[in-house]
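Chain nomenclature is as follows: A, B, C and D, assigned in order of appearance, with residue numbering initiated at 1 for each chain independently.
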Amino acid sequence: MTINETIDQIINEFSQFDDWMDKYNYLIEMGRSVPLIDETQKNDSNLIVGCQSRVWLSSEYRDGLIYFTADSDAVITKGIAFLLIRVFSGHTPTEIVEAETDFLDKIGLREHLSPTRSNGLLSMVKQIKLYAFAYQVKEKNS
Amino acid sequence: MTINETIDQIINEFSQFDDWMDKYNYLIEMGRSVPLIDETQKNDSNLIVGCQSRVWLSSEYRDGLIYFTADSDAVITKGIAFLLIRVFSGHTPTEIVEAETDFLDKIGLREHLSPTRSNGLLSMVKQIKLYAFAYQVKEKNS
Amino acid sequence: MIEISEEKIQSVRNDFPILSRSIYGKPLVYFDNAATTQKPNSVIDAISNYYRNDNANVHRGVHYLSQQATAAFEDTRKKVAAFVNAGSPNEIIFTRGATEAINLVAWSYGETFLKAGDEILVSALDHHSNIVPWQAACERKGAHLKVIPVTPEGELNKEVLAGLMNERTKMIAISHISNALGTINPIREIVGMAHGMNIPVFVDGAQGLSHGPVDVQDSGCDFYAFSSHKMYGPMGIGGLYGKTSWLEQMQPYQLGGEMIDKVTFEKTTYNEIPYKFEAGTPNVADVMGLGAAIDYLNMLGWDFIKTQENDLLSYATQRLQQMEGVRIIGSPAQKAAIISFVIDGIHFFDAGTILDHLGIAVRTGNHCTQPLMNVLGINGTLRASMAFYNTRGEIDKMLAGIQQVKTLFA
Amino acid sequence: MIEISEEKIQSVRNDFPILSRSIYGKPLVYFDNAATTQKPNSVIDAISNYYRNDNANVHRGVHYLSQQATAAFEDTRKKVAAFVNAGSPNEIIFTRGATEAINLVAWSYGETFLKAGDEILVSALDHHSNIVPWQAACERKGAHLKVIPVTPEGELNKEVLAGLMNERTKMIAISHISNALGTINPIREIVGMAHGMNIPVFVDGAQGLSHGPVDVQDSGCDFYAFSSHKMYGPMGIGGLYGKTSWLEQMQPYQLGGEMIDKVTFEKTTYNEIPYKFEAGTPNVADVMGLGAAIDYLNMLGWDFIKTQENDLLSYATQRLQQMEGVRIIGSPAQKAAIISFVIDGIHFFDAGTILDHLGIAVRTGNHCTQPLMNVLGINGTLRASMAFYNTRGEIDKMLAGIQQVKTLFA
């Protein structure tokens, strides 16, 4: 599935819910399925700073594709991390670098997109893009 | 005349004018009759700081009474200085220290009483009181 | 104790237009008063009226509007002085807020009096704003920062404090009321101890002026900083009380504008206090708003405010204590209407997010008190900080919300 | 050039409620715009509406009001960035005003880069606020303050300036527009000269943003400071543009609040720009007002503003030149709608007092530019500083007033 296809799928899934509570229930559930970061990777260099909750995000580069794992001490944050991983994991650096990232707005989680440090969503997206960018540069130089 | 009598007289004089322009005309006239400070006394120690216009105020203590002279580069300020001198000159330190000073309000020159440095009126009054206080202390110690 | 009727509270609530708005379709329950309080109509109107009718730059202007604005500005200084019972209006300096007032003293006092080897005492209970500026002053001057520890109840440890004071101590910087736990510190007593050893006391009163009367002469503190926006006044303004003798000796902080006496390229001399510490065009409009806030608080009266807030505090405390899995952080003997709590096994961010969707605004996180959180061994709390316009009904809503949170994340 | 109708000006005047008030029974003629400008309804309403509906503390709050306030606050940062054409919103720091912005840079740049023996260039044309903080930085660091002289026309002497620049020069601090004489300095050209020698340029734009478009990337300046209250926005807010590379390297200024990343008693680390330089609760309400002021100026358009102000400037200049005994101070080639003048044999305080009684607000004195007054050999001037809402009719009233002054003091 392409990045855009996953995004459409997620938007579709969330469109079933009229109620914010159902949406959060679903998010909490998804938080439980996040591909957990290896405990040894839960270190400061994988910690995303500036979040209300602590979020660790790690990446791995295999056969031209990037795979992400994550964890957070807050469940909702984990759910959001999982959404991001569903969208971006298993794609090439270039695909990730070029992807649009405003889909959280479309699924009605706008409150998690505020341009502040109060939650780490934008920082997570930024971090994912940074990882991708780094691998892209590495690819070119190798 | 006591300080209060002079004040009443001044209030009475000003009460004739309905028009602010007449009031200022009178003030300007009075500015011309201010007992001028000796040119040699126009020094920094007699300069009242913080005025829009420069005001010099000097005092002399003779036979238990204080006499003031003044000058300013602005005519209106001179007029006000003259009013103050009319009121306070020739009185004892104690009379001056204890005098009320809100009469400028009563004669309708309230705008010159603002609590700022924009004009030196309050500073002039303060300086007059300070001189009087200093002489009072001197009296007691002698 | 006075009796407070439902009608009275409703009529007070009506003074605050924002309290009738809704969030996600639910009535707003505003429990983030320690972050910033809401504003009564009289404060909002004071600002608008100023701009509509009276706006001018103050000081030195000979024209009517400028003189009028200056007079109103200086009258408000007198009002603030009376509100905290300062010895003179010249002891009140207008700043942007508490943080700036603290930075001002840490810098100006530090430059004037601090030497290598000196010590400054701060507390583990305090807001970053009352720690970091002192830390920086110490670094600049080669002085040492010493920390007054916090007891398990969330109070300053006075025994240790007594031991920390010595002839090298050049300042004790503490808060009046802790924004994180609500602890009311015994300022008067600490000032007594400190002055016995000739040590001045700086009080961060950011949370102090909204919950009860402040009398700087009675407590004897040397400095007292506050923020207008935390006492029902506008943002962007606040102040510093400082004893004349200190202010007169201290170097100026920011430079430019009315604080200047004479400038040549060789040498600049400065105006008298309080002007010496007020650089640039003052925020006259918000000073008018602050004046209106003080009028409003005086009109309500501390009796009403304290009765209502104490009622909310004890009701909320009691109900939260009855809830399984909820733990209130700190149990100081003297406490303002601020409650920090954690829910077992549930992250404050998760809980806060859900409460928000129910229209309940609480603050979550470390409340700019990371050192305190470290001492307490937690990452953060949920904090409900209440004001006199809150109601028991709102507390009930929060409790129901917490119940929902517990079910959701069970 | 566009044609401006009477109706257009009247309709613009109607946006400013204070313009219809009277002083001593006469209609207010407000010619003190360089001290502070008046505010349109949209600015006043933006502040009220914020407090009525949206007030919250920004950053870190998970609740709706806080997030909404944060978004609006950051959107305004973008708006300011666009208004001055900054490279990024992160290059905009909100301060209390121009004076604070200057103090911030003088301190933070000074602490980070200034060494003994270095030189800083300031100008004899400038406001105290853009002289004294640099003077203090030099004193602190053992650096030297050098002065760019002013020509008899009231312009910076560029030849001398070129000679003053050398490898020890660490900063050139000049104003965009002189508040005392109206001189518009050739920022772009001076930046060109300075950058050729790797010298950064700080611009005091307190008077710059209200009279014409500002493009910091085009002019290339390294810093640009401004005050909201001088550009039709509220008091108590202003800002600093700074190039990312400088801001990132510079030490923080005030400490506490959102500018902090991590605090322990051993060490504190700081947030990224722009937050690193914004200590304490930001003045969100007045930032909303500043945003509304920018919207208002964008709506009017610089074409209208410049056409109207240039007309007022040339009309007033011409008429004043025709008056016997009146002397305009300064005749720079590029000039904003600010006129300083003296009346032979009549003190500015006397003249200003009488004009005030006629409802005409001009400023008198040294305009916080004592060094300039010393160079010019005068104690002060009368200053009429005009805005786009002023009219030729108002200028006529001022001229009639001056005539009356001359008769009175003849």
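Assorted remarks:
Everything below uses one rule, namely that contacts are C-beta pairs under 8 Å (C-beta built on N, C-alpha and C of every residue); 3 or more make two chains touch, one makes a residue touch a chain.
Note that the structure is predicted; figures quoted are calculated from it, not measured.
Among the remaining chains, the Cα-based centre furthest from that of chain B is the centre of A. Centre-to-centre separation of chain C and chain D, using mean CA positions: 31 Å. Computed centre separation for the pair chain A/chain D is 44 angstrom, with centres defined by C-alpha atoms. Look at where the CA atoms of chain A average out and do the same for chain C: the two points lie 38 Å apart. Each of the following residues of chain B touches two or more other chains: 52, 111, 118-119. Among the residues of chain C, those touching two or more other chains are numbered 24, 60-62, 64, 66, 349, 352-353, 356, 364-365.
The set of touching chain pairs reads A-C, A-D, B-C, B-D, C-D, using the touch definition from the header. Those residues of chain D that touch chain B in the shared complex are 24, 347-350, 352-354, 356-357, 364-365, 379-380, 408-409. Chain B contributes residues 20-21, 24-25, 28, 52-54, 73-77, 111, 118-119 to its touches with chain D in the complex. Residues of chain A that touch chain D in their complex: 49-50, 52, 111, 114-119. Of all residues in chain D, those touching chain A in their complex are 58-62, 64, 66-67, 70-71, 74, 258, 261, 271. Of all residues in chain D, those touching chain C in their complex are 17-18, 21, 23-24, 28, 30, 32, 35-36, 38-39, 43-44, 47-48, 51-57, 60-66, 96-100, 102-103, 122, 124, 127-133, 135-136, 145, 147, 227, 229, 234-237, 254-257, 260, 262-265, 268, 279-286, 349, 352-353, 355-356, 360-365, 368, 370-371, 374.
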